[in-house]
Amino acid sequence: MRELNSIEAAHEGLKTEISLDKNVYLMKKEQYSDKKDSDNSNKDSYKNDKVVNMPKSEATIVSTATGLALTGLRPVIEFNRMEDIFLSFSALVDQAAKLRYMSGGELMFPITYLCAEEGVCKNNDGLNSENPYSFLIHGGMKVVMPSCAYDVKGLLVSAIRDNDPVAVFIPAMIRSEKGDVPEEQYSIPMGKAEIKKKGSDITVVATGHCVNIALAVARKLEADQISVEVFDPRTLFPFDKETLKESVSKTGKVVIMDDSPRACGFASMVSSILMEEYYEYLKKPILRITREDIPVPFSNSLKKYILPDGEKLESAIRKII
Amino acid sequence: MHKDLNKNKCLQMYKHLYLTRRYCEMVVELGDTGFIRGPLHPGLGMEAVVVGVLNAAENDDFIGVSHRGQAASIVRNVNVGLLFAEQFGKLEGCNHGRGGTMHFNLFNEKRVFELDSEVAGKVPIFTGVALGCKLKGLKQISVVFYGDGAMSEGWIYESMNMAKKFNLPVIFVVENNRYAVTTKVEYSCSAKNLTDRAKAFGFEGIEVDGMDVEKIYAVAKESVSKVRNGGGPINIVANTYRFCGHFTAEKILNLHYRSQEEIAEWETRDPIATWPQKLIDEGICSSEEIQSVKEMVEKEITEAVEFAKSGKLPKPEDALKDMYATQYPGSPRKGWF
Amino acid sequence: MTEQISKETMAGFFRILETICAAKESIATLAKNNEIRMQVKRINYGEEAIALGVCTALKESDIVINTSEGISSLIARGGSLNAIFAEIFGKSEGYNNGIRGSFNISVPELGIYSANSFSDTGVAMGTGFALASRLKDENKVVAAFYDNETVNEGIIHESMNIASAFDLPMLFVCKNSKNFKGPIPEEFLQSKEFGSRSLGYGLESTTVNGMDVESVYSTAKDIIKSIRETNRPAILECITNSCREELCGCKSNSDSKNVNCENEFNGKTIKENFSKILREKNILTQKEIENVQTEVSVLVKKAVELSKAGSDPKPENLTEFMYADEYSNILKTGGLL
Amino acid sequence: MREIRYLQAVAEALNNEMKISDEVLVMGEDVRESLRGVTKGLYTTYGKDRVIDFPISEQGMIGCGIGSAISGFRPVIEFQINEFTFFAFEQLILQSQRLRFYSGGKIKIPLTYIVPGSGARGGISGQHSDNPYSFLIEGGMKVVIPSCAYDAKGLLISAIRDNDPVAVFLPTRVLAEKGEVPEEQYTVPLGKADIKKTGSDITVVATGHCVNIALEVARKLEEEKISVEVFDPRTLFPFDKETLKESISKTGKVVIIDDSPVSCGFGCEVSALIGEEYFNLIKAPVKIVARADVPIPFSEPLEEVVLPNSAKLENAIRELMGRTNA
């Protein structure tokens, strides 16, 4: 099979979806491209009348999409900076996420927010390193976070076909990572987790680029006879409790690794589910490897202190086992 | 009289005005007597703006109204019982008891959406509806109402810019009732004329007397046809006044932001009184005909309240339904187990 | 009327301009060689004259609200090259202890503040400084910079409205680049210049050639004087051809050593034009100009060397940076188990 | 001691702080007339330079607050409606909370946000009924939520005197409640929890008006010989772990009752904290009684289902007690 990087996979999925469904539109801000040349060519090949270039007014872009949904369209909005989520926060959390319920289930808002430059990567400074998905989860919005190119395409397609607002976060760290992606259009069901690696001693719940870190650590620990199961929720919200239950009933030990703030973050949510519903299976404390509750500083030496990495995961696993 | 306003239309507009007024008064009464929960934001005194504009628009144009825009549903011939039922929290209500007073959703059938908890939040949504009309090639236009207070929100600015940029079929109607709760428009708005906000983006801003339904109708009629023919957005600023407090709870708050004289002066211009008087004076209809409209309205209101009172309350176990259109197991999560 | 700019001042301008350009060139080279964590595409050329003209027209006690292109204003206000470069290298000797990095450096001691934002939302913060100055009777003026990227954000509207409604001493400096392909002014704005939006706030707007140091300086000087006297905010719109890879799409930095935008602009144009004027007016000779250039480049080199050898900031200080008043347990031990 | 209402205690604290220090400003929408009652009378006493009404421009207002805070004032910003925090979210989190950090600790932003009437008010529906504190906690902001008049006065004063942005949430359902409040100024320290009722069988972590629910349930269960300890964190962030640890080491069982949406909410954070650090002290699952993940519906029977209440708390406690007894 041919290999694509995550961004290419996303654009391929999106383009096909646009050609399949006349109601799908891509709304993006600004015409310049942040991405590499290969991405440019991808972007340029969109059918022009299906791409709407919006002025840089984030709150209104998001809100406008809510209006578009009212007329029966299925807009996809591209965010290229994470501060956009903060600027348009009320349009996301107070409008898009709430209006269907408040209308008594009469209205439908099939909108996709594609956050394609999310999180930390080599050159991002503090501001672009925000990972605001826990905010959206708390607001009741569906959130998916693929961890490889194959999942990116499949989940994005599902998100577009979903009849509710869905935020798709593609972590900056996996942007250029290549993976096998089928040419035909396929979808990965939302709300379904995937066990990326089977194991029996401990379950590592990892999201986004942390999946790769967890896999690397798991391989490394195999040498020490520690068998790590890597659980990738893929859809952060709604969270797949059943699969987690299976895994934890086998291992009884859990570490959660997630690159968003710790307090009230995604890791807390998973941990609280375990503590409430699957407590009987638990044999050890649930450790969370997350970002510190501090914004990401610029200096590299400090970044290491703030962000989750393989070393921290490894020591957590060793501590538990 | 405007050339499009024949006798029928004039009487119809009177009915809209009077029904809205009676509806609002009834809501206040029901709120005071404990049938309706929560604070209420009636549009007493401001009926003419929505009635005038909506009568000038087509019946399938998209309308977004503010929390004082109850008239919109009435102009679109919504059974008032649905509104009462919603305010009683009944299953029969237009949002099935989910939305309540400020969020009447009649979008699917009547193309009217009242959502104003967010003050200016509906403006970009209806700018989006206009964009949708344009992208889909629909002939409809979008009309969105908001108050003078909302004019200070960034959303208005962004929406106006976007509307002009895409040349969208949208009419921004400012219901300038002079006060954002207690804050005077002269205090909060730095523009010399409110229409300058539109002019700054290079599109037309028209000021109109918001107590005179005929003038509003005339301005709206012209604007609607301009906008529908691709003329781009238009801003109408209607100067009006609310006779009641910002919300029903204001009675007990003892506020002093405006004088009784000021209210009394505006009340002399009440469209519910001046419009039928004008119709009679100009010989368009008789006072008997006006009287029969009134009786019709009273009957409608009584029936509507009855309908709402006899409605069913929603089942508690349905509280978590309808959050998502595409449902997945376990969502939305209950807060307890 | 504007007084003649003295020869000394002009010579001073040249030194600052030369420093800004040299610093930027050096940053670009460092970024290209991956010696600093900065994306080349974000480096901006062509706004030097604006920062220089406005900052030098201000008094020392005045406040500057920076954009993400902040180095020019920093240098124009007398910032230390060593501290700037240390910050860019993420060292603890930097202005913000290596926390903030390359953009949005805030330097309270120089009266320079910058929001954590690429959208220049610091303009809103500017109104607060202006309000404080008015309340304390300090007679300070706040100059808030923003560019094409921000001009369609609602926060600009809110800030201008507040500044005008409250009579705050603020100068809104709009850096309007004709090159940015993102929000193309012609496409995104129906009214030709951003300045026309001032109508919505009852403000005066002046448009100048932002590539011309002298005219920016003297216009800014006049406006600032009148702001100080009347407390009325004003808008200064500076038209430039500035270039930034992420916005105008040119490959000025990535492809060649030469900082040459296909849009025929780079920082050198301003510099070269200005040095030509200096020669023509007999303010500096070619020799003197070259001397300044050599001196400056030595200073920049030294700053880079010094910064490279700087020390890394310590994790222990992080919570202190985060909170002025700490409490036990304020931070969890995230990931440090 | 005299008894006054919660809202009066808040207004008194603010008034006294304004009297003591010229630096304290009040900003907000309709604060001159005081729609929410927190700023009643301040305008006539302190005038237009210290009690400043803003246009309905939340972003601009917060920005203005940040600027004046850096310049040496201590603005107290009132959000008339809890959802208005969302409009200014970028200013709240990215700017007011992070500017100090990103300046390398060079500036101080002593801002106080007051959200009077947070949470469901009964019949005000989905967009006015939120309790948005979990968002702010995730953003790293200090958050307090006093549950009684005494705490309200003391915590608000601490918040105003604190040199960082602090968000003070005043739940609607306690605003009218009376309590003993000393007349003099006093502070309740941030970051310190309070055991509202001691007990030995189970710890209930309750926030805001849920403290009253918990106390009510505790009294009821006393008759059945279930001894409930009611733990009121008072400051949600920074959270007082030590006091919780003491309580848990005694009881070994925890229920959390909190009126914000359950997923990624404050309840999750406490539960996760226990699961991580005090796992060995715990003998039973940690139960959360919180809001369901939906907006608040208008209709009364629906609203009851979505919100945490005493029946749900009681069930949770009984289940935990039953399970270990069996």
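All chains are identified by letter, namely A, B, C and D, in their written order; residue positions are counted from 1 within each chain.
The definition used in the following text is that contacts are C-beta pairs under 8 Å (C-beta built on N, C-alpha and C of every residue); 3 or more make two chains touch, one makes a residue touch a chain.
Nothing here was measured: the structure is a model prediction, and the numbers come from that model.
**Student:** Over the chains that touch one another, what is the least number of steps taking chain A to chain D?
**Tutor:** The fewest touching-chain steps linking chain A to chain D number 1.
**Student:** State the chain with the largest centre-to-centre distance from chain A, centres being mean CA positions.
**Tutor:** Farthest from chain A by mean C-alpha position: B.
**Student:** So what's the Cα centroid distance for chain B and chain D, whole Å?
**Tutor:** A distance of 35 Å separates the two centres.
**Student:** From the mean C-alpha coordinate of chain A to that of chain B, what's the distance rounded to whole Å?
**Tutor:** 40
**Student:** Which residues belonging to chain B are in contact with no fewer than two other chains?
**Tutor:** Expected reply: 93, 95, 97-99, 103, 117-118, 152-155, 158, 161, 165, 187-189, 323, 331-333, 337.
**Student:** Multi-chain contacts in chain C: which residues touch at least two other chains?
**Tutor:** 98-100, 104, 116-117, 121, 152-155, 157-158, 161, 165, 188, 322, 332
**Student:** At which residue positions does chain A touch at least two other chains?
**Tutor:** 55, 57, 59-60, 83, 87, 90, 94, 101-102, 126-127, 140, 237, 263, 276-277, 287-288, 293-295, 297, in rising order.
**Student:** Considering the complex alone, what residue numbers of chain A touch chain B?
**Tutor:** For chain A paired with chain B, touching residues are 25, 52, 54-55, 57, 59-60, 63-73, 90-91, 94-95, 99-110, 140, 142, 162-164, 190-191, 235, 237-239, 241-242, 276-277.
**Student:** Using the touch definition from the top, list the residues of chain A that touch chain C in their complex.
**Tutor:** Touching chain C from chain A are residues 29-34, 55-60, 81, 83, 87, 122-123, 125-127, 262-263, 287-295, 297-302, 305-309, 312, 315-316, 319.
**Student:** Once bound in the complex, which stretches of chain D touch chain B?
**Tutor:** Residues in contact with chain B: 29-30, 32-33, 35, 53-60, 80-81, 83, 87, 121-128, 261-263, 267, 287-294, 297-302, 304-306, 308, 312, 315-316.
**Student:** State the interface residues of chain C toward chain D in the complex, per the touch definition above.
**Tutor:** The contact residues of chain C facing chain D are 94-100, 104, 106-108, 113, 115-117, 121-133, 135-136, 142, 154-155, 157-159, 161-162, 165-166, 317, 320-325, 327-330, 332.
**Student:** Which residues, counting only chain C, touch chain A once they are in their complex?
**Tutor:** 37-39, 41, 90-92, 98-104, 116-119, 121, 149-150, 152-154, 180-184, 188, 246-249, 312-313, 315, 318-319, 322, 331-332, 334-337
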